[in-house]
Structures are given as C-alpha cells and as structure tokens.
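Below, subunit A partners subunit B and then partners subunit C, in two separate complexes.
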Partner chain A sequence: MLKHILITDSTLRDGNHAVAHQLNAHQIAVYAEAADKAGVPIVEVGHGNGLGASSMQVGLSLVDDVTMLETARKHLSKSKLGIHVIPGFATIKRDLIRALDIGVDVVRVASHCTEADITQRHLGFVRERGKEAYGVLMMSHMASASVLVEEAQKMELYGAEGIIIMDSAGAYLPSDVEEKITALVNGLKVPVGFHAHNNLGMAIANSMTAIASGAKLLDATARGFGAGAGNAQIEVLIAVLERTGYITGIDFYGILDASDLAEKEVMPVVPTIKSESIVSGLSGVFSGFAKHVTRISKEYGVDQRDVYRELGKRKVVGGQEDIIIEVVMDLVKNRK
Partner chain B sequence: MLKHILITDSTLRDGNHAVAHQLNAHQIAVYAEAADKAGVPIVEVGHGNGLGASSMQVGLSLVDDVTMLETARKHLSKSKLGIHVIPGFATIKRDLIRALDIGVDVVRVASHCTEADITQRHLGFVRERGKEAYGVLMMSHMASASVLVEEAQKMELYGAEGIIIMDSAGAYLPSDVEEKITALVNGLKVPVGFHAHNNLGMAIANSMTAIASGAKLLDATARGFGAGAGNAQIEVLIAVLERTGYITGIDFYGILDASDLAEKEVMPVVPTIKSESIVSGLSGVFSGFAKHVTRISKEYGVDQRDVYRELGKRKVVGGQEDIIIEVVMDLVKNRK
Partner chain C sequence: MSDAIKHLITEDCKKSCNDISIFSELANQVILVTGGTGFMGKWIAEIVSFLNETENLNISLYLLARDTEKFKDEVPHLAAKQFIKLINQDVRNLHDLPEEVNHIIHAAGTPDNRDHVSQPLRTLETFYKGTNNVLDAATRLPALRKILHVSSHTVYGKNTDEAYIKETYLGTLEVNNVNHIYGESKIVAETLCSIFRNQFKLPITILRPFAFIGPYHDLEKPWAINNFIRDGILGGPIRILGNGSTIRSYLYASDMAVWVLKALVNGQVGDVYNLGSNVPISLNDLATKIQTSINPNIEILSKSSKENYSNVSRLVPETSKTIKALDVQETHTLDDAISRTIVWNQLNKK
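And then the complex of A and B:
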C-alpha cells in the first residue's frame, strides 16, 4: 500500500539562514527550475525568517521579497510557490497582499509554539483569498504535547489546512517526535507535518518517525541547506521514503540533480554538524543564536558550550538575543 | 538505570579510507592524544582496510603499519590501541605478531559476512597471546539475520569476545538494524556491536536502534570521518547516548574538543552525503567502489547512478572491482 507524503522544499527559505539571507536571484532561479523539473510539490522561497523579515535586527536579505518571489514564480511551472509568514514581521497590508498578487500559492503562517493566537488574522486572510493556508508552530520542543495540541487546534479553527511543528533547535530524538506527532494526529482533523533540523544527527530518522506516527507533510532541503546543522536532506529523504513504500511525486534522479546543482551553485558550504550545533541542539537553543554566541563568547573568553547550556536553562527564544550578553557576563563573574 | 556502551573510535582507521590511506604520523599523534584525553576506551588505527592491507590494489598507505601503531601507542595512556585485521591482507607471522609486540591491546578480526571461517586462526592466535579479540562481519546487509547468527556463532566458537556487524555500504534503515541485532543478541553469548555508515542519513539513528535492540558495542568517528558518506559521528553519538541515559566513560567536552581538532588537523573535508553515496547506499554497494565507479562512468559517458544500481543487483563485494567495467560496457551496449 503506497502512502502519499506532501513535501515542501525549503531550500530557498531555510537555506537563506545559512548564508545570512544573501541568496541572489540567479540562485533562486536555477534551483526553482531544478526543483520544478524534479516534480517538487511546493517550493518555499524567502528570507530565512520569512516574508517581511529583512531588517537590521534579524538580517537584511540581499534580494527583496518582491524580486525573490517574482523570480521563483517565473521559474516554477508545476510546483506551487510557498512562503513562510511570521505575523509581526509580515503585515497583511504591506506584505501579504503583494505576495499573493505575485502568485504565491501556499502560505504557512508561523508563530512561537505557544503563540498561535497571533496567526488568526493572517490565516483568515489567506483563506478568504482562496489560497492554501497552513499553520506552523516553531521551537516546538519548548511546549508539551498537550500544549501543542491546544495551539494547533486554534490554528485549525482559524482556517489552517494543516499544522506543521518545527524542531527549530534540532533538539528532538525520535521518541520525542513520536509522542508529539501522535498527540497532534489524534487531536486534529487536518494533516500534521514535521520540519526537522539535524543538530543531533536525527533529521532523517525524525522525519521518518513523524510519518510512521501519522504525519503527512514533511519539510526538507537540498543537501540539508539551512539554519544550524541544517535540515532534513531532501534527496536522502526521498530515497528513504521510496525504499519504505511512500510516494511523493518527486523524481529520484531529478531531486539528486537538483541537489547536485544546489551544492554547486546555491550553497557555499554543505552543512555539517559542528560541536556548537550539538550543544545548541542538546540545550534546545534556536540556531539563529549561533553567530552571536560565538562572537560574544570569544570576546569575553568564556566557553560557548557553557553559554548554550545556560541559555537552554533560561529557555530563551528568538528575539531574546540580549540575554546572551547577560549569560556571558554571569559566566565571567562566576569564573572569578 | 545507566547502561554501559563500549565505544571504539575508528577515526584513525576508517577515516583513512576518506583520504586514500594518506593519514600521516603527526595526525595520528595529535588525534590519538585528544581521544585519550577524552577517555575514549578503544582507539583503532591503521590502513582503511586494516593491518597489512597497504598495497597497489587497495591503495598504499602513506605511513607503514609499524609507524602508525608505534605513533599511536606513544600517545595513548588510558585508551586501548585497536586494530582491524582482515585475514588475507594480514598474516599472523608477518603482521599480527609484530603488531602485538608494538603493544596493540584489541584485535578485531574481520571477514565478509558469509566467510567467518577465515577468521579462525587469527582469532585463536590473539586469544593465545592473551589479547582482546573480536569478530567483525563486514557488508552485513548482504546476509539474512539467520546467516549472520550462524557466522557470528562460528566466530564466538573461535574465541571472539564480541561480534560487530558492519553496515559497510550504509544500506540499513533502523528496522533492518533492529531485526539483525535482535537475532544476534538472542543467538550469542558474547556482546554484540554495530558499525554504521551514513549513506542514508541513518548512522546515529541506526546506532541508537542497535543499542535499543541489545547491542553493547558501537563504532564511531570524529565528524563521521570515514568511507563513503562517513560513519556515525562520535561527538553526536556521545551527546545522544548521554541524553538517553547511557554511559561510555567518554567526557562530552573532551570528545567535542577531539572532533574540533580532527576537523582542523586530521581531515581535509568533513563528510557529507553526496548523491552517489545515497545511490550506493540504496544499492548496497561497498563505498570503496566510489572512485572507480565515478572514473569509469565518466570515461564511457554513462550515468553512475545506473552503474550503482546494476552493481547492487549483481551483489558485488570488495575485490570485485573488475565487474564495474563489465557493467559500464553493458550499459553502453544497451544505450545503442
């Protein structure tokens, strides 16, 4: 019995995290074309933090939203064009309307795992416009299974046609994924999805555990290109899915070709699991903190691994980058 | 309840595959020292194909066996020194006696998964000399669980104090590991071990599945340095083992330091999962074939992915490199 899994290729969105949002129009064009040719159902494009996020605070993207989306649109024929939207970064009036006008097909509205409330208006607007709308719960390791179900149910009520939980810190082991996906599948009417990161070397195994637990949607990227230690590697995932009897509509040689091209033309370095990625994964710290942690730790001569562990204890989330310096100063004090 | 897992660090042996056996004495010295400091129980050193294997056919090592082992011996104080021994490459008289005289503590005698017979004399000799002896079944995906149990029982009878199965082609998914390790644990009195490769992104997950199925021995390498898509990444494995309540005696920060040093001083490139690794893993082809397949496929203008798939169907094993050209010629013929 073949079972269908819907794949979103986030190479041109999560991958942007790995290059400080410096993907250029040529890279977007060639990869979108290759993914389209391979039969990828949804190609997600944008700044790492999604639509409207380009800013001094989280990083300016090289190419603006309009150019990124228009470029991708031009090079996608069968694949749908998707965007990642965090309300707060992206407003409906300024950003979302324009994106839909360019021809975005799929909008994934994302919030921190305990803040689904903020997605209501955006989800509603996308549904009104007749486009596909999904809800995304980020940093999902920070909430219990029952809290995730409650938050996801809110999104479902707001009109989300599926809910994806993200392991934004790469903190999950397969048993965690099984627990949370099972709870969500049981608690929701809409399909459930999983977005992996590879900090603990489990991106593929966690993705496979998610679908064994009933998930129907998976995110992945070419060569794992993405934040931190990278995402689930799409060409590996397709191989493993095919071998275990799932279908995705993606051509295996086609996605191998796309990933070869990505390695050559899109990414400067293929992600590997560095020591700090492991510690940040273990500590459950968002991988967007990495560059700040390295820089500030070096400046004050403290062990960045201790910084991650303390940040993990304090349960920091994106936007709380100021706490890094507090933690470092405390470590300096304790050393004396 | 903490459970103990015995780790063999194969960075300086399997890693040698990744550099065509060109590890130098300085690299062996600095990594051995770092692994020793981190409390790694067994440090395995040598040519990728083990003791006595340096040759025109499988590749000449930069440094001879005696120098490699003497160098490592000098830099290990708490860690045991291990070697990988394939009878046929390594003779007792010429190679094994000398290695033991240098101070090797642990000898792992390896054969293709259906040829345990050839390990009898070597295993017996190591036990007579009072050293630790293990049996290793390579390319274990090519034999059924019941055949592996039979072969492993032979090694047990010959004196092996533990049996390790190798996923030499990186072909296993967790369900395969569970089936085979469970059968071995039930069929043997001695401890069972698993040696992973990462071609399908499952090296860490497969290693964890092995111990969940009763294995007590695991192999791993710094940053996954090794043949094909690399091995289980030791610093990730230690993180995941600690988090799930296993003990190894290895200090977590110590192994992170060792792996950082390895990336800087020992390996030219950290392994990533390339397209051809995925296809070779799916096809169950030994990763030592990779360079030949790429070269010959290019020469005759055939798709190397098709070559792997055909090699997989023909169930080739190490030593049968001649079949590559046969397969390529057949593909050329069929194209016409």
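And then the complex of A and C:
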C-alpha cells in the first residue's frame, strides 16, 4: 500500500529567517499561488519566528502579520494556510483570534523541546475553533528521546493532531533521527513529523530516515530557503519520495516550477552550506540566529565560528538572541 | 436557563429516577460534595433538586469547591436553590466541615489529564492532602453516616486483556511516567480511605468512575466523545486521533448521579463499586454514531502514529456487582445519551 506523507511548505515562514524577515507581499502572493497550483497541502506563512514575533529582539518584519496572512489567503484556493505560533510571541487575544478570522486553517503551536506546557492554551483554543492544531518541539536535538516523548505526550493531551520535531540547528545525523522518531511513533497516538535543517548536508537524508522510522509529516522549502543553511529542499524531497513510492498529492512539475519561481522572485540568494553554518550545526545553535551572528560578529570583528561554538556551549535557544551580543563582547574582551 | 434546556434536564432526571423509593432514607439529611461545582456535583444537585421537588425529601446540599463564583455564573438556577449552600474552599487547605453533615461525597480533583501532566505535583497534592483533610475533618462530625470516595478507573492501570474490568482487577501503572500521576494519586487517596476506615472506623465506600457523557460535560475536555461531538457541532471533520479500535463505554450524566446517590444509601462500607456503562463501543463506531446524529455528510478523519496496533486499549467496567448491590440500571442508551448531549450543547450555544 502506498504511504501518504503530509507535506508542509515552510518557504514563506522559515524562508523569512533567511532574509531577516523582509519578505514582501508580492513575494508571498506569487509563491503562494505557485505552491497552490502545485497542490502543496499546507503553505506556512509568516515571520520566521511565527505569528506576533516581529520585534527588535528577533527582528522586525517588513510586512505585518495581517498583510502576510491576508495576501496568502487570497492566493490559496486548494492549499491550506498554516502558521507557526510560539506562545509568548503570539497571544490568543491579540494574534491568534485575528489570524483564524483571516482564514488560517492550520496552526502549529511550538515550544522549546522541553517546554510543551506553554502550548496548552493555544492548542486548546485552536481545537475549540475547529481548526487543525499541531504541536512542534523546537531544538529537539537538545533533549533525549524519552524526554521528547514525555513532552510530545503533553501536546497530544492538549489537543495536538500531530507532533513535529524540529532539527532547528541542523545538528542531526540519520541515526539521531531514527532513534527519536521511532521513540515518538511508539509513544504517541497521533502522527509524527520532522522538520529538517541542512547545516550538515543531511536534510533530505534525515527526512527520508524520519519517514522510514514511521513519521507521516514532513516540512520542506523551495530550494531549501530557510534559516541558516536552509531546510530540506522541497523539489528534491518530492522527487525522492516519488522515487521511493510515497505519495504526497503534490504535482512534481508544479513544485519544480514553484521552486524556479521562488529562486527568481523570492530569494536574493539560494541557500548554501556556508562554513559558519557547518560550525553552527556542529555546535547545535538555532539556525534562526545566523543573520544576527553574522551581523554582530562583523560589527565587532570577531570570528563567527568562535561565536557559534560559544553559543553552543551556553546551550542558548530561540528567543535568546540577546545572548549573541554578550558572547561577542566576551570574545572581544578576551582578545584584549 | 431556557425553558427548552430546563425541560431536557427535567426529563433526564425523571427518566433516571424511575425507582427512587430508596431515597426516602436521605430525607432531611445533609450531604456535602467536595468538588461540588464540577460535572458530577452539578448533576447531583439536579437530581437532589428533582427529588426535593417531586418527593419532598428536604435534602440539604453543601457544594464545596475552589471557585463557587463560577458555579453561580454557569448554573444560576441551581445556585439560587435554598437547599444548596456553597463553600468556597480548596480541599488542600480544609480543616473543618459543617457539623450538621451526614453524608460526604468526596469528588474533589479534576479528571482532566491535561492538568495532570502540566501540574503533576498539584495533582498529587490535591488527592493526597485533600483526601487526608476531608477524612480527618470527617472524624469530628457527630452525625456522619457515610462517606463516598469517588476514585477513578485509572487505579486499574493499563488493560489490554480484560473485556470487562472487575473491581478486583490489578493492572500495571508505570510509576516513572508522569502521565500516570492521576492513577498513582488516586491509589494514594484510596489507601488513605483504607487507613481512615480501619484506624478511625470511618464508614467509607469507594466508587471507581469510568467515562460519562451528558449536559454540563465540557466539550473541550480532552476525551474522544467530547471532542467528536464538538467537532461535529462545529461542522466537522470529526477527528479520530490514535487507534480507532480503542474500546470505551459511556454512562449518561443523570444515570451517573442517581447511581452515586444510590451508592450513598446502598453501598457497603469498605466495598468498591465500578461506576460506568458496560456497553462497549469502538471510537470508530462512536464517531459514526455522532456523525449520524448531527449530520451524515460530516467528514470523519483518522489520524494515527501507526498503521497497526499490537494492543487495543479497552476500558469497560464489569458492572454486575454495582447493578445488584446498588440496585441501579442504565436508563439512557448510548444513542439517547449522544443525541441529548448534542441538543443540550446546541441549545446552550444559542
């Protein structure tokens, strides 16, 4: 029997990290339309850190949440409109209600991998409104398989219809993915998913290992457009899935066309695995830090690679962007 | 409360109270219910209200809970009854109970497993300290006749073998798993009951509830039947999360309350009784029933981590002991329970 894999295309959300959250309405419109035409099941849109995250701390969006979501909604007819929500950045009253009123279909409520407790109210609210709710555990390389299962079980109880673990730092090797996805599939009732980053060149291999281990949900982006070294490249992933007998409902030529369009219209530079991305992946640092690390390191004349190594030692997580300057200042001090 | 809702609740009470001569033993008695403003407390209040009005039993009810203001908002028609007195109190800090109390139904503590995993320490504290405080206060009640401790089916642990779970069944609980904190806490509470019954000769009977459905059951609670009905009322799809072959059973709300009150009269001190329906149904069949009841065009979706399951979770009580000893019966079928719950929720939304 052919196994169905549910694909979420995060180009217009994770890709926003790659351009310091400067995607404009035109880019959102053209890519959403192309993804819709290709039959992508879920198109995720928003600030890199999700709904309500535009801020000095993690970066200001060029366009606000309402504009992004209304634009995407207008250009999606078959595809579902998805958002990434981190409680704290996004509040129910200020952000979530408005997003659902605009017509968001799928809400993926995320927390750091050991803090699922903060997702209860948001997941519950989305289910109350009859929309699809998923739980997302970010920076999942920082927790053991058994801890991930416990945290994921909480999200399942809170109402999540599936749990996605993110390799936010691009730190996983296939053996890590196999261990964690297998444990989650055995420990949960709901489907399990995987969101890859490509710092060590493993995004496609890790995604395929995830489904071989029982995952049913995968994330990917056009040309891998995403934070740091980027994500699993959607057009490659679809090709490999088709070749290995999985079905996604996505038209292969359609997604090739969408990716070509994204390269031309959406991304200033196609993601590559830069030297500092490799160090970032090895150090287990959140890929969303890449732009900040590059900018601050350059400003103070320190080696980005040293910054990543120190950030990795301090086990910083998404939302702790202010630690980057602290680390850079320490490196400057020690240099003297 | 609209006339239509009032009529529905009265009809439920009437149907469940088809054999109530036994309740004459509760005439002029004072009953205190801890956790009294929850689903069970509201239904006990409805049944007592019905008995007082139709049989003139003059039963008084103390409802003790952490947030009695919420009760006044949710069920003002009950909060306004003269025979009901509200006590705003957390059982974890309770010292004394009103001296006039003759019967205690100890039902404090939420069965909502979202709270258990988010607040495991508070869960344990509520059942350990709360039960200890209630039983300790009960030792000083001069006119006490019976304590009904409302435990949980979770004390039985995992069950994949038994078609019907008897009161003597001993399953396993993973003590190292935070998801099992509720079952562990309920075992601690039952142990306290055993100690107080043995050492202080308190007249304690234990009930072990399974699953219920009916008006006042919050559709946002994380249980399959609640969520199926909510999804259906919202227009679907009805989402089956996990193994659709999972077997459960559901006792209707007004029957549940009558069974609890009958346990107060007929339950033997030191004995344990299952409280639930013995009519099994798979989640797949349950979803179909709800779909049929709301709108046959609603989609049903299944989402599961696995294609095949080696074990099927089965939670259906063996109730022959309960039915015989407490002299109770199920008066509402599952179809009836589902349709009345749907109607009540639809009326309540208006």
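Operating definition for what follows: the second predicted complex is superposed on the first by the 308 of 336 C-alpha atoms of A that agree within 3 Å, B and C clash if a C-alpha of one lies under 4 Å from a C-alpha of the other, contacts with A are read in each partner's own complex, and residues count from 1 in each chain.
Rule of thumb we're sticking to: contacts are C-beta pairs under 8 Å (C-beta built on N, C-alpha and C of every residue); 3 or more make two chains touch, one makes a residue touch a chain.
Small disclaimer: the values here were computed from a predicted structure and weren't measured.
Student: Looking at the overlay, what does A:A38 touch: subunit B (first), subunit C (second), both, or neither?
Tutor: After superposition on chain A, A:A38 lies in contact with neither partner.
Student: Could you tell me if A:V270 is touching subunit B, subunit C, both of them or neither one (first, second, both, neither)?
Tutor: first
Student: Taking the superposition as given, does A:A203 touch the first partner, subunit B, the second, subunit C, both, or neither?
Tutor: Touch status of A:A203: first partner only.
Student: Please indicate which partner A:E235 is in contact with in the superposed arrangement: first for subunit B, second for subunit C, both, or neither.
Tutor: A:E235: touches subunit B, not subunit C.
Student: Looking at A:A227 after the superposition, I want to know if it touches subunit B, subunit C, both of them or none. Which is it: first, second, both, neither?
Tutor: neither
Student: After superposition on the shared chain, which partner residues are touched by A:D260: those of subunit B (first), subunit C (second), both, or neither?
Tutor: After superposing on A, A:D260 lies in contact with subunit B but is clear of subunit C.
Student: After superposing on the shared chain, does subunit C or subunit B touch more subunit A residues?
Tutor: B
Student: Check the residue A:R127 against both partner chains and state whether it touches subunit B (first), subunit C (second), both, or neither.
Tutor: After superposing on A, A:R127 lies in contact with subunit C but is clear of subunit B.
Student: Is A:I211 contacted by the first partner subunit B, the second partner subunit C, both or neither?
Tutor: Neither partner.
Student: State the interface residues of subunit B toward subunit A in the complex, per the touch definition above.
Tutor: Against subunit A, subunit B makes touches at 173-174, 200-205, 208, 223, 232-233, 235-237, 239-240, 243-244, 253, 256, 259-260, 270-273, 275, 278-279, 281-282, 303, 305.
Student: Where on subunit A is subunit C touching in the complex?
Tutor: Residues 117, 120, 124, 127-130, 150, 153-154, 156-159, 161-162, 184-186, 188-192, 214, 216 of subunit A touch subunit C in their complex.
Student: What residues of subunit C sit close enough to touch subunit A in their complex?
Tutor: Counting only subunit C, the residues touching subunit A are 113-114, 117-118, 177-179, 220, 222, 227, 230-231, 234-235, 239, 241-243, 303-306.
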